[in-house]
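Which chain is which? They are A, B and C, in the order written, and residues in each are numbered from 1.
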Amino acid sequence: MTTVKRGRGLAPRILGAATAALALLAVAACSSGGSDKAASGGDVTIEFAQWWEPELPTGEFRGLMDKFEAENPGIKVKLVSGPYASTKEQLFAGAASGTMPDVVGLDGAWVNDFAKQGVISDLSELMKQNNYDESQLASQIKVDDKTYMIPVVNFVYPMFSNDSLLAKAGVKAPPTTRTEFADAAKKVSALGGDTSGWILPLSLETPNGVQNDVMSWVWASGGSMLKDGKPDLTNEAVTSATNFVADLYKDKAVAPGAFTMKEQDKVEQFTNGRVGMMIDSLAHINLIKQNNPELKFSISAIPAEDGFTGKRGIPYASWGIGISENSEHKDAAFKLVSYLMSEKTNGDLATMAKAFPGNSSSVPDFVKDDELFKKAFDIYKAGYPANEFTGLPVAEDLMRQFGEQLQAALDGKQSVPDALKKAQDSWMGSF
Amino acid sequence: MSLTTTPERRSIVTGVAPERRRRRNARTAVESYAFLSPTLILLFVLMIVPIVMVIGYSFQDNVILKKSSHFVGLSNYVEILGNGDFWRATANTVVFCAASVVAHLVLGLGFSMMLNSNLIGGLSRTIFRALYVLPWLFTVAVIAVLWRMLLDPNGVINYLLHTKTEWLASPQLALGTVIFINIWAGYPFFMVSLLAGLQGIPADLHEAAAIDGAGPLQRFWNVTVPQLRPIIVSLVLLDFIWTSQQFALIWMTTGGGPINVTEMLSTFTYKLAFAKYDFSMASTSAVLVLLMSMVLAVFYVRHQNKKD
Amino acid sequence: MTAPSAARRTAAKSWLIVGLIIGAVFAAGPVLWMLSSSFKSNAEIFELPPRLITDSFSFDAYVKIFTSAQTMRFFLNSYVVAGAVTLLTLVVAIQAAYAFSRFDFRGKKILNVLIVSVQAVPPITLLIPYFGLVVGLKLYNTYPGLILTYMVFTLPYAIIMLTGYFNTLPKELDEAVRVDGAGSMTALWRILVPISIPGIVSIGIYTFMIAWNEYLFALTLTKSIDMRTVPIGIQLLMGQHSYEWNQIMAMSVLGSIPVLVLFLFFQRYFISGLTAGSVKS
């Protein structure tokens, strides 16, 4: 009966271990961190949910918060940092269960939906109540004429060119018109090997490629994808831009893997010298320099239609800020918002993030020090920030719907006019 | 005297006189529920309650955050069942699950037998077992990132194969590629469970069969597989249900694309919830998935009871 | 008879080793690439032609992880939660599986179907109602909140698998002990459990892994950075603008070591003969 002997040792041991685990749990539960104990002595603690802290140099964002706390005794700021990819769901879940933090980092693509659901506060009201000088804000994102999000810093998307690759292909300078661009892209791709002229991230997971790499061609020539605030995808501007992209794809001037490529992949391919030109965020300038110091690249405006002489739209994505509707400390929250938008702090944050400030007078330091950033800033000032998706309902899903139709067209399953028509119908359904 | 587990023997053992059976039944009911009580309490509070809420949402409109939710009966179900995308996602999911589960079983069984063999020494066996269990150890996000890196048109695998195939970005290859990644990530589940199961097979069964002149293949089919049957059935059922839930792997590799070739019920439901902010429809889709799995579950339970 | 069968044995052994090596390349090749990437700089990870070891081989990624108190806290949290979940799940599931395997009672079939199918609800739809429930029960941002949540995921699996394992053990075993007057608990813990050690170990390892690798609910049910777990730590490295590729790989490698160690320690129970002989009366 050896089994019984073995059993005697084991079962009590398991039960003992389970009891120990429960005891541990009990202790841990009492001492588990992060409960929202009210700050002592009348202090107000506001929570700020964002994805910015991990992306900035260690400790610097917290440093800004500490300065705020010093200037505003009685208010403490608790940073709730989460991964960017999950921010939207977390905010939603938080709103649904009443645990949404007071101040929230927002992306322009979500504003309409959150505003319509009553999740975020009307900032126009708050600004009026606090006699806030709105002229210092470079832009505000409105829904139904009320501001719901203020862009804190803007990441613009100019064109990056790999000068050495272009030279090798016989292209002397970054192209300024669409014809020049198509020509340059084809020449670079013809170099063979792993090189491609252009790179197009059309992943349906994060479909911002539709915004930054496709629609940007429309806006760069002063065109629009909307008419009176409603979708207008079958117009001249969008049709010509989409045909332009489709032709490039057909001529194999685009890097392989486009249908599942994300922005992060695009940068890596360019950094490794395999791509001639790309439309990309300013935020990557330092990244590219760090990862590949040998790479010679330059910044220029996105090419426009031949003969276009008007102001060029330049796409941008922002780190936006809003205040939760259910916040119990809206005044303290607004103080934090105005602090982040104040000239000095906004400039500091823009410098940290390598982005352009949301305060109309701030000038980030790097513009004075760095050639490339200065060029980008000039392009920014010469043109106008263009992102027609901000403030649209289900903006991210609109991008995805367009992306699906575009992929079908590029894959040869339908013609470009059909794709645009289907996308138009699909968009109208969401409006 | 060694015991076998043939059905006839078991029924002889468990057959008891009717009188004692009635008294036994009353006692066993109370006892059974006593054994089950922690499970039932936990599952009821934390599982059944949210599920009931989700079912409730599927019959309403404008749920979660919109101010005015009202009862709409079955209209959500009608709408979703009439949606071609839903059926496409279902078809993809069935293909994905079936292919994955079959491959998991074959690989898992094969590997577990190889890793159970006495032909190699203890140390080599341990090392190989450690190597074979590796895919299991990583969180899905990492597996997705890793395979995207490996399968990049400019990545290692294409380099070794001297090609520029777009594994994940090609509408023709994407589904197969995603299935392959899932097979890699999931076979250790079968392998380890079957390895454990192989230990429970009495050695004398194999010996008896060998003495009767059965070769290794015959021993496999007539001794090993029948002994492992209950475990295999459980594994297949569980894996099918879990694979149908697989979201992060697909979302982070292809996002349901290119176009919609890797759209699964999980990504379809996610998009309803967090891209279109339509929780009523998302809940409806969830309930439909639940119903489909319940069908599987019923077959499984019937099969379990038939054996007894 | 010995000479031909010895030759056959050697042939079989060679085939086995060939097969094992091919399988090992399939299984471990990608992980080898992950390991190699963790020692590269971010730029080199995407270079062409790819190399296993690059010029700037360094432990930087690992150093960054070990010197971050925040990251170390992620590991601590994951250990506590996964460990507690495993122990509690095993205890509760063993009890429940015994009932399903050995008894016949009213509602057994329905309960069985329910337990199996509750796993089928897409977690993403369950997220918001579940979150509301957890907040209501005051379990938000606590260890017990995560532990109980994971138990809900792991119990159905553990019960189904343990029932399967118990079903392979003949009922004569418990009957034998009952004849001596012992009750069900004794039959369970002193007879069935010791024989089922391999099964229990494999279930325990998998339960640990489910709890260790889970992301969505860990993210939603925790708020402060000192309660977050390893999968969240890994996702935090995937920024909006760029990924810290080498740190992601390094953290995954580090994250896999506890489970690997557990497996290596317990796999010694997966040796034929340890329990098979005990079936004899």
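In the analysis below, a residue touches a chain if its C-beta (ideal position, glycine included) is under 8 Å from a C-beta of that chain, and two chains touch if they have at least 3 such contacts.
If you're wondering where the values come from, they're calculated on a predicted model, not measured in any experiment.
Asker: Specify the chain most distant from subunit C by Cα centroid.
Answerer: A
Asker: Specify the chain pair with the maximum number of C-beta contact pairs.
Answerer: B-C
Asker: How big is the gap, in whole Å, between where the Cα atoms of subunit A centre and where those of subunit C centre?
Answerer: 35
Asker: Quick check: how many Å separate the C-alpha centres of subunit B and subunit C?
Answerer: Taking the average C-alpha coordinate of subunit B and of subunit C, the gap between them is 14 Å.
Asker: Multi-chain contacts in subunit A: which residues touch at least two other chains?
Answerer: Subunit A, residues with two or more chain partners: 89, 92, 96, 194, 269, 274.
Asker: Show the residues in subunit C shared as contacts by 2 or more other chains, in ascending order.
Answerer: Residues 45-46, 48, 128, 195, 216, 235, 238, 243 of subunit C each touch two or more of the other chains.
Asker: Which residues of subunit B are in contact with two or more other chains?
Answerer: 64, 152, 154, 274
Asker: So in the complex, which bits of subunit A are touching subunit B?
Answerer: Listed in rising order, the residues of subunit A that touch subunit B are 88-89, 92, 95-96, 113, 117-119, 194, 203-207, 255-261, 265, 269, 274, 394, 396-397, 400, 403-404, 407-408, 411, 413, 430.
Asker: Any idea which subunit C residues touch subunit B in the complex?
Answerer: Listed in rising order, the residues are 9, 12-13, 16-17, 19-20, 23-24, 26-28, 30-31, 33-34, 37, 45-46, 48-50, 92-93, 95-96, 98-99, 103-106, 108-109, 111-113, 115-126, 128-130, 133, 148-149, 151-152, 155-157, 159-161, 163-165, 167-172, 175, 184, 195-196, 198-199, 201-203, 205-206, 209, 212-216, 230-231, 234-235, 238, 243, 245, 248-249, 252, 255-256, 259-260, 263-264, 267, 269-277, 279-281.
Asker: Residue numbers of subunit A touching subunit C in their complex, please.
Answerer: 2-4, 6-8, 10-11, 14-15, 17-18, 21-22, 24-25, 28-29, 32-35, 51, 54-55, 78-86, 89-90, 92-93, 96-99, 155, 194, 263-264, 267-269, 271-272, 274, 281, 283-284, 287, 290-292
Asker: Using the touch rule from the top, collect the residues of subunit C that touch subunit A in their complex.
Answerer: Within the complex, subunit C touches subunit A at residues 41-43, 45-48, 80, 83-84, 87-88, 90-91, 127-128, 131-132, 135, 140-144, 147, 189-191, 193-195, 197, 216, 219-220, 222-227, 232, 235-243, 278.
Asker: In their shared complex, at which residues does subunit B touch subunit A?
Answerer: 64-67, 148, 152-154, 164, 166, 168-171, 174, 251-260, 271, 274-277
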